[in-house]
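Notes for the one structure printed next.
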Amino acid sequence: MVVATAILQLICPDRPGLVSELSGWVAANGGNIRHADHHTDSGAGLFLSRIEWDLEGFGLPRASLPAAAQLLAERLGGEGQLHFSDQLSRVAIFVSKQDHCLLDLLWRTRAGELPMEVPLVISNHPDLRSIAENFGARFEHVPVLAEHKAEAEASQLALLEEEAIDVAVLAKYMQVISGGFLQQFGPVINIHHSFLPAFTGAQPYQRAWERGVKLIGATAHYVTEQLDAGPIIEQATVHVSHRDDVADLIRKGRDMERLALARALRQHLCHQVMVYRGRTAVFD
Amino acid sequence: MVVATAILQLICPDRPGLVSELSGWVAANGGNIRHADHHTDSGAGLFLSRIEWDLEGFGLPRASLPAAAQLLAERLGGEGQLHFSDQLSRVAIFVSKQDHCLLDLLWRTRAGELPMEVPLVISNHPDLRSIAENFGARFEHVPVLAEHKAEAEASQLALLEEEAIDVAVLAKYMQVISGGFLQQFGPVINIHHSFLPAFTGAQPYQRAWERGVKLIGATAHYVTEQLDAGPIIEQATVHVSHRDDVADLIRKGRDMERLALARALRQHLCHQVMVYRGRTAVFD
Amino acid sequence: MVVATAILQLICPDRPGLVSELSGWVAANGGNIRHADHHTDSGAGLFLSRIEWDLEGFGLPRASLPAAAQLLAERLGGEGQLHFSDQLSRVAIFVSKQDHCLLDLLWRTRAGELPMEVPLVISNHPDLRSIAENFGARFEHVPVLAEHKAEAEASQLALLEEEAIDVAVLAKYMQVISGGFLQQFGPVINIHHSFLPAFTGAQPYQRAWERGVKLIGATAHYVTEQLDAGPIIEQATVHVSHRDDVADLIRKGRDMERLALARALRQHLCHQVMVYRGRTAVFD
Amino acid sequence: MVVATAILQLICPDRPGLVSELSGWVAANGGNIRHADHHTDSGAGLFLSRIEWDLEGFGLPRASLPAAAQLLAERLGGEGQLHFSDQLSRVAIFVSKQDHCLLDLLWRTRAGELPMEVPLVISNHPDLRSIAENFGARFEHVPVLAEHKAEAEASQLALLEEEAIDVAVLAKYMQVISGGFLQQFGPVINIHHSFLPAFTGAQPYQRAWERGVKLIGATAHYVTEQLDAGPIIEQATVHVSHRDDVADLIRKGRDMERLALARALRQHLCHQVMVYRGRTAVFD
């Protein structure tokens, strides 16, 4: 039996007494803390906190918690977010033609590994419709042509709104998301098929082979306007040798892509990731 | 500039309000918490906590803190320990003839990687005297013969007392420590050259080779009366192939032994490890 | 464009001149060697060789190659096998209720990562029929009850014969295969959810959790009569912490199971694995 | 008992029959091949081979082997090198102020892990003299000032010649080697404290921290005129988290530096590494 919990994420200027103040607020309302994790970035003078407690028996009504957390954060001069563990995130998966990450995420969702629903799959190609529909997701083919990119993104945003999507995941979506899109929707999580910051941009495996590296990798990160430069959530590497040609790197890399994306997404969905100053703290 | 901190480790029965109570006690005395980490073992009904705060500006006199922590723990029905980050542990290293872990630990100590002093090296062989003395450690050769093991252990215990040793590290010490020894001194940390619980006992590399494993490992653990069965702190593995003979396994394994032992010891010395029910929680 | 190759696997007593004799035989018939790898086990006095050459332009008719390889091996007092890279192995996958390895293998086959066909999926439970059929595999539900195990295995063997299966893969098949079965069919590859030889038998994750290990693993191996003691092909490990309960170990372990099984199976299907004296040489 | 072997490294244009021709030459002279490994780079049309055989019983006199190998290579239109396993390479280690790689290499040499002698340690700082001399190496302090770099390099080259050095290893030598130096001496192996091609140049740990990566690495490579762009031999990575500051990255990175450098150097010294087209083939 899994117990529903509330999760508070808070960032504020560092000062003495914050841990006590936050945990005291939970305790004063009868909350039983399951996890409490904090991080102080001394250089930045910032305090980050993630506290998770049982909803059962908590003194404040559930509906009032987001506002209460907001007030608490404001009092501390920071920003706070309140999540509920039993409220599944609604996730849209963007794909192109490669199916391995899509299938992996859909399977993990069905297996209970990822606390999310996937009501929507968007692709600039029609190829993966049957996989999406097989797992009960609506599939929308939105072609993206260079000269009509704005229209395509408008269609995508309308779909995200229509399906009340919380998070978009680029699961080998071979298109760049524009800054305009990101101003209207977020967060967006991407899997890049290299060990960032090495090999940003196109054809990382080809370039890794040309450079003759002995390890290749994958990086899951939040998407920002600057290509492949967003906050990194998770990275994974695997050994390669001179016997591996580019096709082997692609094959071996796919395993790292799936692992890094699934781990990063799970951490995000469990509200373990906090972003600050272009970096992440991952409270796992 | 490194600031001195106090570190409280506490284990007690789980109940709501513990995080608040502990952090509240620190805050009430003006303490600025640097790290606070907790773990609840639901099955065991236990709460484990590690809280670290700046000594500077803390309201209670340093000398009174251990007793205050003790009182706090008793009030919660548990057990507590209070450590100071600027108080280096005094460590005795036990060795036989292999020098790689000894040299690695001594170098790491000198390099500031391990917050400890090594006033004493004890060996059942005379071979490693010059390494120990090179790094300023007293070297004592205590031969251990089966028929005089009790006397040898009595000599070792006397040396530990004489040098006011806090922790003993078995750095490839090829002798079994008796239960009687462990009743008089602890903690003792050992590095075992296998991936426990595989290949307990003698000649693990030979047996790993015979079994044809594709990965070998090393395990750092607290020593208990039952051989190679104590609480595990850290494990590391490395790939091997059919081309590796036993000598290759030994060579590759040495790297894992050094890494696992150094990581485990650092975690212990930073008071990040808590032992309960034959297991460890490592708050790193 | 992929060129079809012939692959010779040979084991014989070691003596000087073997590499020259084998490669000379290929060259004398006009073969262009793509890969040649050898291993000498000095202790056992054995020579193992894997040679792969282009079929195009080779002087001997394809149909005569297996017999020619056989003759060659006999002349050297050993055993040889001849494979063709363009002849896909026919693989039967045995499953119970867990679907992650099955789905992974079927996807990898479709993606071209595994040079095999999967005409048959056999299960002692009906649950995974739709996955198998989705990928075009025949699904046969063969219940295995303790009192009728012999009949069940006879049914399985009949299915393997009917579908002309080359290799059976136990992809989380929660039944023990009898010695009688193994005398009639082989090879059988199993994925065991522990880092063998640790935690052989049932419930390895539960037992790993109880022991408090810091790494868990998975092992792909050939099945022999002795449970979990067959020649190991591939192993993988992943870090766990005190925060992981048994369910987390199972979740994290599934990733290692999929990776270790897929890598081992690929190596087997590419005829890179040779078994001798209870061990494997993997020429990758 | 270790048997002395001859090792032939050969690169030539690919064509059928090469494996047979090389192994046939060894066999014709009564050689017992211990290892034979080959690689074909189809894109480049190149064949690379490494063959190792027992010197005992070989028909040609040892002294004649280098010339014989040279003739063989010329006949195939390529380049060849002949090495003897019992002829230890003479290695000079270049250092600055950091001692971890120096001490590690010296210890590994003494322990028999690295088949080399270290007659010479060169540093632009005087700090590490005692470590070098402790292990019996001559220590030469050659200050490198920007305005006198040419003179400094001339002194270094004279020392290398005087001590008949075969290989130079930059073990955290914080100076750039000039193109002129490299034209007069090679090979030079460097350890770079990042996962190349990420973070070339200065202060890679600082920049890795700023980028917020979740893995850091080290790269051992041959030095070429272009900074940090030479052929990569070995890479290693380790996980980091938001709790790690730059000092932690440096500490964790040191372990990867030692591992990657030691592995790469061992592969080089065992004549397992072949360089072609800015890449390496590592026959391990």
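The chains carry the letters A, B, C and D, assigned in the order they are written, with residues numbered from 1 in each.
What we mean here is this: a residue touches a chain if its C-beta (ideal position, glycine included) is under 8 Å from a C-beta of that chain, and two chains touch if they have at least 3 such contacts.
What you see is a predicted model, and the numbers here were worked out from it, not measured in a lab.
Peer 1: Which pair in C-D, B-D or A-D has the same interface as A-C, with over half of the contact pairs matching by residue number?
Peer 2: Matching pair: B-D.
Peer 1: What chain is the most remote from chain D, judged by the mean position of CA atoms in each chain?
Peer 2: Most remote chain from chain D, centroid-wise, comes out as A.
Peer 1: Find the geometric centre of each of chain A and chain B from their Cα atoms only, then give the gap between the two centres in Å, rounded to an integer.
Peer 2: 37
Peer 1: Please report how many Å separate the Cα centroid of chain B from that of chain C, as a whole number.
Peer 2: Taking the average C-alpha coordinate of chain B and of chain C, the gap between them is 41 Å.
Peer 1: Quick check on chain D: which residues sit in contact with 2+ other chains?
Peer 2: 243
Peer 1: Where on chain B is chain A touching in the complex?
Peer 2: Within the complex, chain B touches chain A at residues 15-21, 23-24, 26-28, 30-38, 40, 57.
Peer 1: Please name which positions on chain A make contact with chain C in the complex.
Peer 2: Within the complex, chain A touches chain C at residues 99-100, 103, 107, 111, 113, 134, 243, 251, 255, 259, 262, 284.
Peer 1: Touching chain D in the complex: which residues of chain A?
Peer 2: Residues in contact with chain D: 39, 195-199, 211-215, 217, 231-237, 241-243, 278-282.
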